[in-house]
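Letters A, B, C, D and E name the chains as they come in the text, with residue numbers starting at 1 for each one.
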Amino acid sequence: MLFLFIIVPLVLAGLLPLLGKVSKRLLPDLLASAAMLFLLVLAVFSARPLIADGGIIQQAFWFGAPLNIRLLLDGFSLFMLFTISLVSFAVTIYSINYMEHYGAKANYYALLLAMIAGMNGLVLSGDLFTLYVFLEVAAIASYALVAFGRGHDELEASFKYLMLSAVASAFVLLSIAVIFGVTGGVSFGAVAQGLKTLNIKYVVGFCSGLFLAGFGLKAALVPFHSWLPDAHPSAPAPISAMLSGVLIKVSGVYAMTRIFLGVFGLTPALTTVLTVMGIVSIFVGALAALGQNDIKRMLAYSSISQIGYVVLAFGIGTPLGILAGLFHLFNHALFKSLLFLNAGAVEQSTGTRSLDKMGGLAKVMPLTAVTSAIGSLAIAGVPPLNGFWSKLLIIIALVQAKMHVLAALAVLGSVITLWYYLVLQHQAFFGKLNEAWQGVKEAPFWMSAATVLLALLCIVTGLAFPFVIQSWLQPAADVLGKGVGVALNFIGF
Amino acid sequence: MHLFLLIGLLAFSILAILSRDLLKSAISLAVASIFLALVFFRMNAVYAGVFELSVVAGLITVLFITAITLTRGDGDVAESRGHRIVFPLFFLALAVVDLLVMKKLLGQIPAIQGSESGTFSQVLWNQRTFDLVGQVGAISAGVLAVLALFRRDDRHGNAASDGGDTGGRHE
Amino acid sequence: MNPQNLLIPVLLPLLLALFSFLLPRGIKRLREIVSVLGAALFVYVAVSFFGGKETMLTLPWLGHGIDFELRLYQFSQFILLAVSGFTFLIVLYSTVRMAGNPRLREYYGYLFLTAAMSAGAVLANNFVPLVFFWEGLLITLYALITIGGKGSHRTAVKAFLIGGFCDFCMILGIAILWSQTGTLRLSDISVVPQGLTAVSFYLMMIGAVAKAGSMPFHTWIPDAAVDAPVAVMAFIPAALEKLLGIYMLSRICLDIFRLEVNSTPALVLMTLGALTIVLAVFMALIQKDLKKLLSFHAVSQVGYMMLGIGTAIPIGIAGGIFHMINHAMYKSGLFLAAGSVEQQAGTTELKKLGGLARSMPLTALGFIVCAAAISGIWPLNGFVSKEMVFHGSYETGYTIFTIAAWLGAILTFASFLKAGHSVFFGPRGLETAAVKESRSPIYIPILVLAALCVLFGVYNALPLRLFIQPILAGHAAPGEHLDFTAHALAVFNPIALISMGCLLIAFALHVFGFRRGGNKAYLASEPIHRLPVLRTLYDLAEARVFDLYEQGIKGLQAFSRFLFRFVDRPIDAFFEKFVVQIGRAATGALKAVHNGLYANYLAWAIGGLVIIVWAIGALTR
Amino acid sequence: MNNLWILNMGFVALLVGIGLYCLLTMKNTVKLLIGIEIIAKGVTLALVASGYARENLMVAQSLAITVIVVDVAVIATALALIININRHTKSLDVRKLTKLKG
Amino acid sequence: MTNNIQTIILLTIFVPIVGSLTIPLAGLISKRARSFWSVLIALATTASSMLLLPFALKGGELAFRKTLALGLDFIVVADALSVFMAVASSFIGALIVVYSLGYIAHEENQSEYYFIVLLFIGAMMGLVFSANLIFMYLFWEIAAIACWRLIGFYRVRDHVLKADKAFLLTFFGAVAMLLGFILIYAQTGTFDLTAMRGTAIPGIAVLLILLGMFSKSATVPLHTWLPDAGVAPTTVTALLHAAVLVKIGVYAYARIFSYTFQLPEGWQQAIPILVVFSSLLAAAAAAVENDLKRILAYSTVSQIGYIFLGFAVMNPLGVSGSLLFILMHGLAKAGLFLCAGIIIHATHERDIRKLGGLIKTMPWTAVAFIFCSFSVIGIPPFGGFFSKFMVIVATVQSGRIWVAAAALFAAVLTMYYLFKVFSAVFMGEAAPASGHREGTRSMVFVVVTLAVLSLLAGLFVAYPTKLANIAAGEIVRWIQ
């Protein structure tokens, strides 16, 4: 059953280019949205009961015949699946209207689905190498998606992204190779078991460094972040949302966390490096975002900053820190997607991404303005929205771990975050309406629907945070909290 | 013998990088692939060797040459001549570091016995099935990517994202 | 007596005030009738209270020891009586004098409000109600001065600010006292001023003497004399404020603090009094406007009271208190007379007036009697009280104070000679040809007050025995001689003789000045005005250089500007400019390094890898 | 066995190193891609060498094959990008790709 | 009984919050319906908070909780302190909503306006009744959001920038405060205020929390946003800030520092000095400024210093004085701002140098203005007198005579600048900008009402004082 998460989008991705010849718009729209909805429902209703007593390994079936594919599902992966499905659903329905002017919808959806298949596979894999392969699947699809508009900007961004990402993959693979050479296996269980019996701290440290660089590049941690401010703004808005909202988390943070916490075990050295990288990312991202004039570029830098928070939280390694990191990861997926979708709506309506040229759009695009305000406040950590709770938990975790300076810096970072989001708000939406945009209309239905959905989720998550924590985050945090133990349980499946 | 093959691999890789002609570079790369394949054969990794020969030395070289031909004429970028001096220095430093570190780092790892069982195809099909799904995914993603990038332009209002209109970013 | 009745003196005028406020503007006659009758009733209440037993009323108010406590005893009975009497007279006078004023409604309202507040302040036996009423008077004062019309607002604000400042001082004094004694009930407190309580004494003293109009808190009074209606001047600075201020001062010096003879606080008070006497009278001397002249005297006379009370010797205190009531009478009378003149002649400028005695005989009579009283002419009341003050100050051993008081007496008489001469005698002023006597509600109060001056002087036993002796009774050492009537009018003792001599000097001065000024009475003070050093000082004083208020406001402005420019704005600039600049700089730097070069980006990544690997290696133990 | 592995890994490091050198210093986009390829070769070698050293050759080979396949997809995408970029800029110079910055 | 009280408290919090969400819906029906629905909600909130008065006057104290995840429980506490604050702020809030009916009638985005104002009131109620630090922070920030939208209400670029400045400054303070809360949490393991009474807390936490309070309550050195915010928006908004918003910090001070924790000795000594300096500085700034609303805003800053002072000296008198001050200042400052609103509405001029002689055309406004000024200065019989008196006396009682003297000096400055304003605006020659008619009937009614209320609050001061005394007794109980 879990295999559906991979095979449905993959098969559909293969079919869509063919179907696209038949129906240019309707069928791709319908099928893609339906598939996403299906995955979302699957994640919420079918997959969740599976992990009632901890993680499981499920064997895939292909038309009744068992396959030698073993999918690992535990709280963490389920949580990621849910996040992916949720954001991709919002993105897909948003694309219905948005991608009209790009054309080649079938192709677009196919790539999107391939990317989702890659991410789902990544999340469900219980093996370092498989993880790498699906990482690449998602990455290849994302290169193409970034370049989808085929303008100069898009191609340039995509090229740099690809070239850096390829290096990152090489780092990861090299590390896997070494690990493979050391332990003789690549599955989580085998690696964890192997490392446990060997006393080779420096080799593991070296591999951790390579992983950190590789996944850090995927996750756009400073100083590996440089591709992101180019790639995310250049992509079509839904893809920006997808990349910033999910992809960097799945291929960067998830993979990193899974390996460091679940396979290698968090060492004090890693804690230090992760938290420092987190803080540096927070500040570099936030300060760089402050001076941006391109709305999407600002959001992209903001992603760097927010990923910093997530990594910082995971880096603490305490149960609360992990929980906080997960929560922030989820929240960031929600509000960053929301903000990118909003930016897309604005760009589509006004034809510009330059904040200077906007102004007073709240008047003509009320829904977009309101949802964007919600997103901005949420990301800055203003209560009662969801971002507040996760940042709160991060700071509590920092203080509990006696990292007072980091806590203060994290707090300061959130002030800067609010600062540039206020700049964004007053440049774009607040203020007097620019004459040029007198005739601008609110975004079309499906685009608005997507943003409203995400904005509502931001609010609801904020208000119902105990529920979210208990039902989605706690199982995931438990998995990570147990550290290497979980991986050892799956040995020899 | 093994060392000789590795040195050959390295030498042609260097040649591929330093060569000022792209075609020569691509061909050097192919030769390097052949050397790598030979290394694989030496290590009894027949399947990997075959794949290396056919796919990398073959397919990828073809891809490269196609791309070079497609872009030739307007794509001759002069690399700096400084590489002749810089590269040896760099290489020397790298080699020294490599010598110093590698032994130290990996030398402490105890040799463990692998748990190899079954033939290659059994391993590939039974243990690494998931990877195959991933391969399918990667290939289809690659195909889709190429399709997307070389699609016929059927967008409406072509100018939307092309050129300078995508945002007034500061130069 | 039922303690609840103590509320009547407060509530009755309050009701009258409300009535006046609520009565529509147009109805004049009814307002006047009710006001006069109400004021009469007020007098009746005060009279009926007089001589009664000591009564205390305590109502719970704010907790923390802040209760609404009123206390009726000899002193407050007496002051209450005086307050009500003046209220009645002023109301009577106002029925004519204020008749044409468009803001009559407010005028009566505030007048009665003033009376109510004064009554409350007099009766209060707890500091909080005391301050409540005391400071509340600022509002009515402010309002009443503004009734004067154009230009009066500035003066009103001045009066308010000065009063407010001094009241705040008093509040601080009360606060310190409370923290020292632990109670707010006036009748429970009796401390010797030393250390913190001395600070408290000074602060409360400032409040009290400022209310009375002492230097240097007097400067609004001469201004108000020009701007405010004359009835208001007669009522508030001349009568009520003196009553309240000196009442309070006596209570501070007698009850609340046990002022020792010639202790530092006593000397401070006496010095302040002496300075007030001399400086204010110097200013009064040269005034060319009757009302202004009177107002400076209102200041100067306060000095006598302060001097008397500051002696802390029974005769001095009695003299001070007696002088207070006397001053209230004659100064009110004088102001009312000035008002009468102003109404009939249209001006109070000495230059333009003259020879009014014939056309306004009754006013002139009242004025002359009152002027004689203030100058301390035997056998009027002023003589009696001043002599007592002289005696008292002399007994302290600091003769300098006595000399100052005598100097004051000289100039007082000189200035009143000048004033009376210019207004009522000499040739008719050109513009004041057809002047008639005022109507009866105007001259009756003047005459009543003049008569009282005579009465209290000739038959001084009445006030001294009836009012003043009981006040002192509780405080004097047992067996001390408290009956001052014996030598009240005694002329043949050194001090009285010197005083008489002073009057003669004053007369001589006037005549000299009159002759020098070309027989123009209003120039009689010019010789003194033109004295070398004095002249400069006078010029400076005219330019308000010595006006603490003006200087204080300048100081406040400078202080404010300093804080604003050098503290507030920099703080704002820190957030508005500095932080923003830092943000810009950081973001600029970051933008510069993101230069779009792939090799650059890759170099970061590789550098990052190296650093990370190194860091992990270094941190791994 | 171990010594051979270390030797192989040493060459892997050299290959990756010169690949990175290429990426860092070369201007031609195709050349950069060749750098990537060299790194990929090093990585493949590392995988196979590790498998050989640990007598896990079959798994190592399947991993290597997968890497190669994935690599093809990446290279194909990258070349497609380069060709597209070449249409815009009429150049293969990576330093001309600095429109996005700041 | 207890259940009833619980229900009432929850109603007080959630009627405005939920009600605010229905405003846009009501806006769909008609403008009129929306306006009256807003007024209804505001009045219902006031009424419901007033229903708690009998309970509080009996000295009742009630705390109950709803357990949520991770110890972040929703804890509500009702005692004299919270009820006092709730009544005072909801009452003024409701008054503002009523006044807005006329004032805002011709503006755009009315739905947003009412939505935000009601949300603000709701946040205020939530803050007042919360006994969990995190929930206090939560409502604190909701109020900040509301404030941000309101300052930028006119959408003028400059205003929006000021709004951002205000939001950022207060947010900075707030997150610092949050960090302080978390430091406390690290020490005690709970956010529950009721469980932490009498706990001694580290100085650094005090500093951080103070940053929050000072920024919200516009106290030096984090005060500059308030004058700026006072300039930008509608007068009503300025008022909302001056009369209600800034009290949040003060209330938090009372609840957290006075009621719950034990401050380190150094801070106990430092805070009075800090706040009195703030008071003095702001008064000085008000004396220099020429912009009517900026003066009033600085005046607010200055008066807030007194409120802090009363709480900071930590004796019953000071605490009740400060509580009274909250009420009195709310009424009087509301009156002043609304008078300013009428003036600005009529003349479109804020520079007092360009105004003058308005008493002839606006007698009622002038009288209301001077009445409220008296109350702010602290002149009896107006309400402001008692509060100021109590605070100052309490300061002296705690042995800080110089602080009290400085506070009184600030009062002198207050007197000076308020009279300066009054003279400049209402007295003197009618300036070219003047010569306008009195404000509309409803506006004048409201300002006169406020002026009269200021007076009545002074005359019948015993009633609010009773509640304040109970609250003060509760607050300082643990000191003894």
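The definition used in the following text is that a residue touches a chain if its C-beta (ideal position, glycine included) is under 8 Å from a C-beta of that chain, and two chains touch if they have at least 3 such contacts.
Being a predicted model, the structure only gives us computed values, none of them experimental.
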Report summary line: Taking the mean of all protein C-alpha atoms as the centre, the chain whose own C-alpha mean lies closest is E
Query raised in the report: Going by the average position of its CA atoms, which chain sits the greatest distance from chain B?
Result: C
Query raised in the report: Which chain lies the greatest distance away from chain A when centres are computed from Cα atoms alone?
Result: C
Query raised in the report: What whole-Å value do you get for the distance between chain A and chain B if each is reduced to the mean of its CA atoms?
Result: 28
**Report entry** Distance from the mean Cα position of chain E to that of chain C, given in whole angstrom
**Finding:** 37
Report task. Please work out the Cα centroid separation of chain A and chain C, and write it as a whole number of Å. Result -> 78
Requested in this report: Could you please state the distance in Å, as a whole number, between where the Cα atoms of chain B are centred and where those of chain D are centred?
Outcome: 4
**Report entry** Contacts with two or more other chains, residues of chain A listed in rising order
**Finding:** 129, 133, 136, 140, 143-144, 147, 150-153, 159-160, 163, 167, 178, 181-182, 184, 202, 206, 229-230, 233-234, 292, 297, 419
Requested in this report: Specify, in ascending order, the residues of chain B that touch 2 or more different other chains.
Outcome: 106, 109, 112, 114-115, 127-128, 131, 134-135, 138, 141-142, 145-146, 149, 169-170
Query raised in the report: Going by the touch rule set out above, which residues of chain D reach two or more other chains?
Result: 5, 9, 19-20, 23, 25, 32, 49, 51, 53-54, 56, 59-60, 63, 66, 70, 73-74, 77, 81-82, 84, 97, 99-100, 102
Query raised in the report: When you check every pair of chains, which ones turn out to touch?
Result: A-B, A-C, A-D, A-E, B-D, C-D, C-E
Report summary line: Given the complex, residues on chain A that touch chain B span 6-7, 10, 13-14, 17, 67-71, 100-104, 107-108, 110-111, 114-115, 117-118, 121, 125, 127, 129-130, 133-134, 136-137, 140-141, 143-145, 147-154, 178, 181-184, 194, 198, 200, 202-203, 206, 233-234, 293-297, 347, 351-354, 356-357
**Report entry** Touching residues (chain side chain A, partner chain C) in the complex
**Finding:** 159-160, 163-164, 167-168, 171, 201-202, 205-206, 208-210, 212-213, 216-217, 222-224, 226-227, 229-230, 267-270, 272-273, 277, 284, 287-292, 416, 419
Report summary line: As the complex stands, chain E meets chain A at residues 68-70, 72, 134, 137-139, 141-142, 144-145, 148, 152, 155-157, 160-161, 163-164, 167-168, 171-172, 175-176, 178-179, 182-183, 185-186
Query raised in the report: In the complex of these two chains, what residues of chain E are touching chain C?
Result: 165, 169, 220-221, 223-225, 280-285, 287-289, 316-317, 320, 374, 377, 379-381, 385-386, 389-390, 392-393, 395-397, 399, 401, 404-405, 408, 411-413, 415-416, 419, 423, 427-428, 461-462, 465-466, 469
Requested in this report: Quick one: which bits of chain D touch chain C in the complex? Just the residue numbers, please.
Outcome: 20, 23-25, 32, 94-95, 97-102
